[in-house]
Amino acid sequence: MLSNILIYFVVIPLIMLAGLALCRNIKQIRTVAVIGSLALTALSVYLLVDYLGLRAAGATAPMLYTDSWSWFPQLHINMAVGVDGISVAMLVLSSIILLTGSFASWAINPMPKEFFLWLILLSTGVFGFFISIDLFTMFMFYEVALIPMYLLIGVWGSGNKNYSAMKLTLMLMGGSAFLMLGLIGIYYHSAPEGGELTWNLLQIRENAAIDRGWQYFLFPMTFVGFGVLGAMFPFHTWSPDGHASAPTAVSMLHAGVLMKLGGYGCFRVAIYLMPEAAHDLAWIFLILTGVSVVYGAFSACVQTDLKYINAYSSVSHCGLVLFAILMLNTTAMTGAIMQMLSHGLMTALFFALIGMIYGRTHTRDIRMMGGLMKIMPFLAVCYVIAGMASLGLPGLSGFVAEMTIFVGSFEHTDMFHRVFTIVACCSIVITAVYILRVVGKLLLGPVQDEHHLALTDATWWERTATVTLIISVAAIGCFPNFFANLIKFTFSPEIFAVIGMN
Amino acid sequence: MESVGSIIMYLIIALSIIVFSVLTVTSRKILRAATYLLFTLFATAALYFKLDYEFLGAVQIAVYAGGIVVLFVFAILLTSHPGHSSERLVSKKRALGFVAGVATLLVAGYALLSRCCMAMTSLPEMSNPTMKQIGEAMMGTGEGQYLLPFEAISVLLLACIIGGVVVARKR
Amino acid sequence: MDITMIYYLVPALIMFCCGVYGFITRRNMIAMLISLELMLNAVDINFVVFNRYLFPGQMEGMFFTLFAIAIAAAETAISIAIIINVYRSVKNVKVDDLTEMKN
Amino acid sequence: MEVTIPVLILAIPLLMFFLLGLLGKYMSHKLAGILGTAGMGITLLLAYFTAFTYFFSGAPDFVDAQTGQRLQYIVFNQDWLAFYNNLVIRIGFLLDPISALMLVVITTISFMVHLYSNGYMRDHHGVYERGFQRFYAFLSLFSFSMLGLVVATNIFQMYIFWELVGASSYLLIGFYYTKPSAVSASKKAFIVTRFADLGFLIGILILSFYTGTFNFTEFTSAAVGESGNLFAVNEATAQGISNIFATSAAPMFMGASVLTWALVLIFMGGMGKSAMLPLHIWLPDAMEGPTPVSALIHAATMVVAGVYLVARLFPLYLMSTAALDIITVVGALTAFYAAMVACVQIDIKRVLAFSTISQIAFMMVSLGVARPEFHEGLGYMASMFHMFTHAMFKALLFLCAGAIIHAVGSNDYTEMHGLRKHMPVTHITFLIGCLAIAGIIPFSGFFSKDEILSACMGNSWLAYLWMSLVAGMTAFYMFRLYYLIFWWKEHKIHAGHHAPHDQAWTMTLPLVILAAVTCVAGFIPFGNLVSWNGEPYDFMAHFDWSIAAVSLIVALVGIGLATVMYRKENPMPAKMRNALPALWNWCFHRFYWDELYMFITHKIIFNGICKPIAWFDRRIIDGSMDGLAYISNKASWAIRGLQSGNVQTYVWIYLLGALLLGAITAICVI
């Protein structure tokens, strides 16, 4: 079992958990957290290189490193793992954000040990989710990733934290309920009449036994189930409150990685397994996601709390992810995955910076702040860079992702899809409006509050966190073809063949 | 066709069961209720005798009437001031109880009457189970013998003794 | 007149209903326990009657009643021990007033 | 051609950006200034070398040996992001007449500005301004982006650098970031151009979808077709594209062909960057940035990007004359509007800003009226020519204005007056600039403007008359400005103030160089270098002396009028103003465009869309979620009573259930 590289993505966090449990003081905790997440980052980068090597050597299977260990044979539940380019990209993203999140919560208070325990448990779920190809284990890890969120927000959060934690958890659990129904439905239709049922994604895809009628029922279930986590309109309202109350690292992980679970799941389960229904029902969800792209952006324009602004911008950007996935062609889907990467990194950067600013000024209300550029130039410049990434400046990640999505979506010959593409395009202008509004109010202009003049700039761990993220954002923005190819290669042509598109 | 004496016996037994049951649950003084319960239990014992189960009737009198009711009386005397402890029933509760009782009566009665033909079985001939038979049934492990439940009951009683001591002990 | 099975079952049923009524209406725990005994007794009668009328050669019903009586005795003993204990601590045996353990 | 030099042209400014941006704060101000200027100087030399090689080496890559046509040459073209099929964004380097021309223009102006800023960005005591290194870093970033824009090999590369140019413009306008007006001006500039870019993007999407390519070479060759042009690179694709648009079965959308739609939308991008009506509002405000920035970005280079874009796609535009007509109309209206407004402004940078808008509109009109049938596409050449000369003399004017502002310490000309004795060099160079923009022979503006008017003449009389009128107004307002600054009675010098004087050599040298260029640039045989299809033609052969004479007279009338009214302080301007107060007010308030936009953005979009949406989200969407929680909460409280702990209630309910079950069984089974 331990000969498979993927299993270490779960094993290392578990070892970290054990190590954390033994820690006595904050120094040891930091050491364990940083060493562990560095190990995970190294592992994911190694996986990336090795994966590309295997692909270059001509491996054509849809998933590599596949393995399966029986777990509960009566119900055909296995611990099945395997990755393709998308999962690899997601693993790299998750490990980077975990690493920077550890740095960002360097001085977490109170109960640092418990905080990191829950945080690592959460990331265990995340990593487990991305390596699983068995629907049941996938769902299990999904839940493992969701539950710690409640405590992390409820205990270490700020503001109206109990309400937010409860709301977030309940809404996501509501999504899970749909999801579970959908997954069980898929399981019972996973094989043709009389065949052996399975939870394995690849097997189900190969069997292609879910008939159209059932797909019409199961597709919305799974899509909405995952869509709730992907902040799909109108199930996005947990996001502003949840993010506003969450501590920095949790916001980072949640917006950066957990929301990606939603998009990834929508693609991996809903669309991959039920392409016909996806094709027939896409228009409903296209309307919803297309609306949420513009709607989130408009909402962000009038918010005054930094985290709310960012949460609504996440609604807009994640809406674009689901929007592109539903276009059902390679280019748009590549764009969707790139947008997931890009949004993950830049939102993490945003939340890290907001946390750092909040830690100093003790307010997140942009009306109470101003002229921070003069006081904390490093953080301010980083914020501007994050903003530029968000509004799609070439050379940073947002641009390539959005352009890939727009070009891919416009490829769709149907007038309806095109009109919605143009509607989604409008978001780039609105995004510019709210980003510049924040930058102008928060960072530029005269200093608003005299007390802020005494504040200090970033510490070394904060610099480490932000610089790592900025480099990642710029890497995607400057060398998009590398990532595009990593992702693109793995879109199995057969799902598009079913729909009759390229 | 039963003898007249038997019928009169039956009537007395049935009547006292019904009357004393009703009195048990309606009397407002708790000590009286216990007394009426005693009469009900005696009537039941009489019923067992009439159905030719002498041993059972004896056990009923000894354990129930002699043991349990005495326990009740002790408990009542310990927990309340006799004669003084009349309780008023809440009318809402009484209504609820009445509905429940009547509903039970109706449902069970309907079930009973709908199987009227079976319920009309007349008394077959039966020899009294002798003490020897009962003792063998109780002490054997074969078919129709009850050593295991007997032992289980004895263990249960032991547990009850210990439990009762523990619970009632002064701290 | 033949005394058939139903002649025994009906008083037993009435006894049972009285038990139900008493259990629901009484506030005194001892009175509730008394009602419980009535119900048990009614069931015992049924066992005996069915045994006697339908399976006269066997003794299952009788033995069941026998054991039920034993268990009833044990149960009563324990219950009364609890009741006395409760009385000792709260000076009351009214079931409505015993809400201390709830909170 | 070697790849190294073109790569270096792009790489050096980028490197300078990172060097000065990341390490700037560890450098002294002086070193940063020298580094930035030296970097730009090297880029300048390399760009000159490249342009010279392109125009004059006669290598077969650049010129067809038989016909003498100039060719498009792709120096390198690196895949950057592949979408599907042929849709690949590449980062490349395209050399053709206009890109070579723009390389020269950009590096020249940029170098001048770099040099000039060494003097401008400090106060009278020689103390450098805060953020000096940052300023140079941003200038380098801008130069990189602008160079990348002009050498783009495909429309998406252009869009990429287009955005980068916008961002660096944002950074430079907002350079004085503690000043609220600068912050809002930068924001406005970015958002307005961003809005225009939305059109550009959609245009690109449409165009690339139908043509299946982003590459300029394929667009242009497709449009020109088989008429023996030398821009054709990929004959097969070209044929496909021309079939798509040229046939009668061309895809239509709402009554116009998709090509027209795409081109108009792309032109919208150009309108934003080039400040055409109605997207011009950001440019006057952009003057909040340091004056060298205004000279570089908002006069000479970035704002002509729109013109450059149209010129780049000109062969495609020829396929849709409707789009060209729209360009003409927009340009003509803008030119007139900006000239009107410029006549009454009191901030010298604002006057220059509006004159820039007006002049760019000239270029647009020139492109709009250009047709291959008339003088072999004279308008195209004239537009490019004017772009070149305008860059020089407008940068000159702005740098002069900068010197004056630096000396006086105010933008408002009412505080200047009579500076000609104190600042002789600035005076002379400014005068040269004014003469050039007014169109007086032999300064460069005369030639280029004359070409434009000729081209208008070729299209219609109306365009010609209209543009001549605007040319006269140009002469008027420029000389009004000139007289107001340099003539009139000078202000008393307050005690403790220095008298204004000419500035350090770093600031005067660029003025002199640019003035010299302005004097001689008109005589460059431009037609030999730039034409719409690469075929050189004799510039003088198309020179129409009658039109030249008329335009000269118009310019002189304008100057004369300005002389009469503003030579000395007199009541005439005030009288005219009182005669037509409404007109004056409208002009002074720029026809209330800003107020209109303010109304639209604040009242309609912000209060009418954003706020209701936010409210809807909080109250309705979130409210329904909360309502769900509320209902379940209430429901729980309602059934909470069942778990009372009261054993009698339990029995009652249990019995009820049991009886129900019993009843059902009794009824069904028995």
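We call the chains A, B, C and D, going by the order they appear; numbering starts again at 1 in every chain.
By definition in this document, a residue touches a chain if its C-beta (ideal position, glycine included) is under 8 Å from a C-beta of that chain, and two chains touch if they have at least 3 such contacts.
All figures in this text were calculated on a predicted structure; none of them were measured in a lab.
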item	value
Most central chain, judged by mean C-alpha position against the global CA mean	A
Mean-CA-position distance for chain C and chain B (Å)	7
Where chain A and chain D are represented by their mean Cα positions, the distance between them in whole Å	37
Centroid spacing, where centroids are CA-atom means, of chain A and chain B in whole angstrom	70
Whole-Å gap separating chain B and chain D, where each centre is the average of the chain's CA atoms	103
Shared-contact residues (touching 2 or more other chains) in chain A	none
Where chain D touches two or more other chains, by residue	648, 651-652, 655
Multi-chain contact sites of chain B, meaning residues that touch two or more partners	93, 96-97, 100, 104, 108
Every chain pair meeting the contact rule	A-D, B-C, B-D, C-D
Partner chain A, residues of chain D touching it in the complex	79-84, 87, 89, 156, 160-161, 163-164, 167, 170, 174, 177-180, 183-184, 186-187, 190-191, 194-195, 197-198, 201-202, 205-206, 208-209, 606, 609-611, 613-614, 617, 621-622, 625-626, 629
Residues of chain C that touch chain D when the two form their complex	20, 23-25, 32, 95-96, 99, 101-102
In the complex, chain A residues that touch chain D	167, 170-171, 233-234, 236-238, 241, 295, 298-299, 301-303, 330-331, 371, 373-374, 388, 391-395, 399-400, 403-404, 406-408, 410-411, 421-422, 425-426, 428-429, 432-433, 436-437, 440, 443-446, 480-481, 484-485, 502
For the chain B and chain C complex, residues of the former touching the latter	1-2, 6-7, 10, 13-14, 17-18, 21-22, 24-25, 30, 33-34, 37, 40-41, 44, 47-48, 51-53, 55-56, 59-60, 63-64, 67-68, 71-72, 74-76, 78-80, 85, 87, 89-90, 93-94, 96-98, 100-102, 104-105, 108-109, 112, 116, 118-126, 129, 133-134, 137-138, 144, 146, 149-150, 153, 156-157, 160-161, 163-164, 167-168
Chain D to chain B touching residues, read off their complex	648, 651-652, 655-656, 659, 662-663, 666, 670
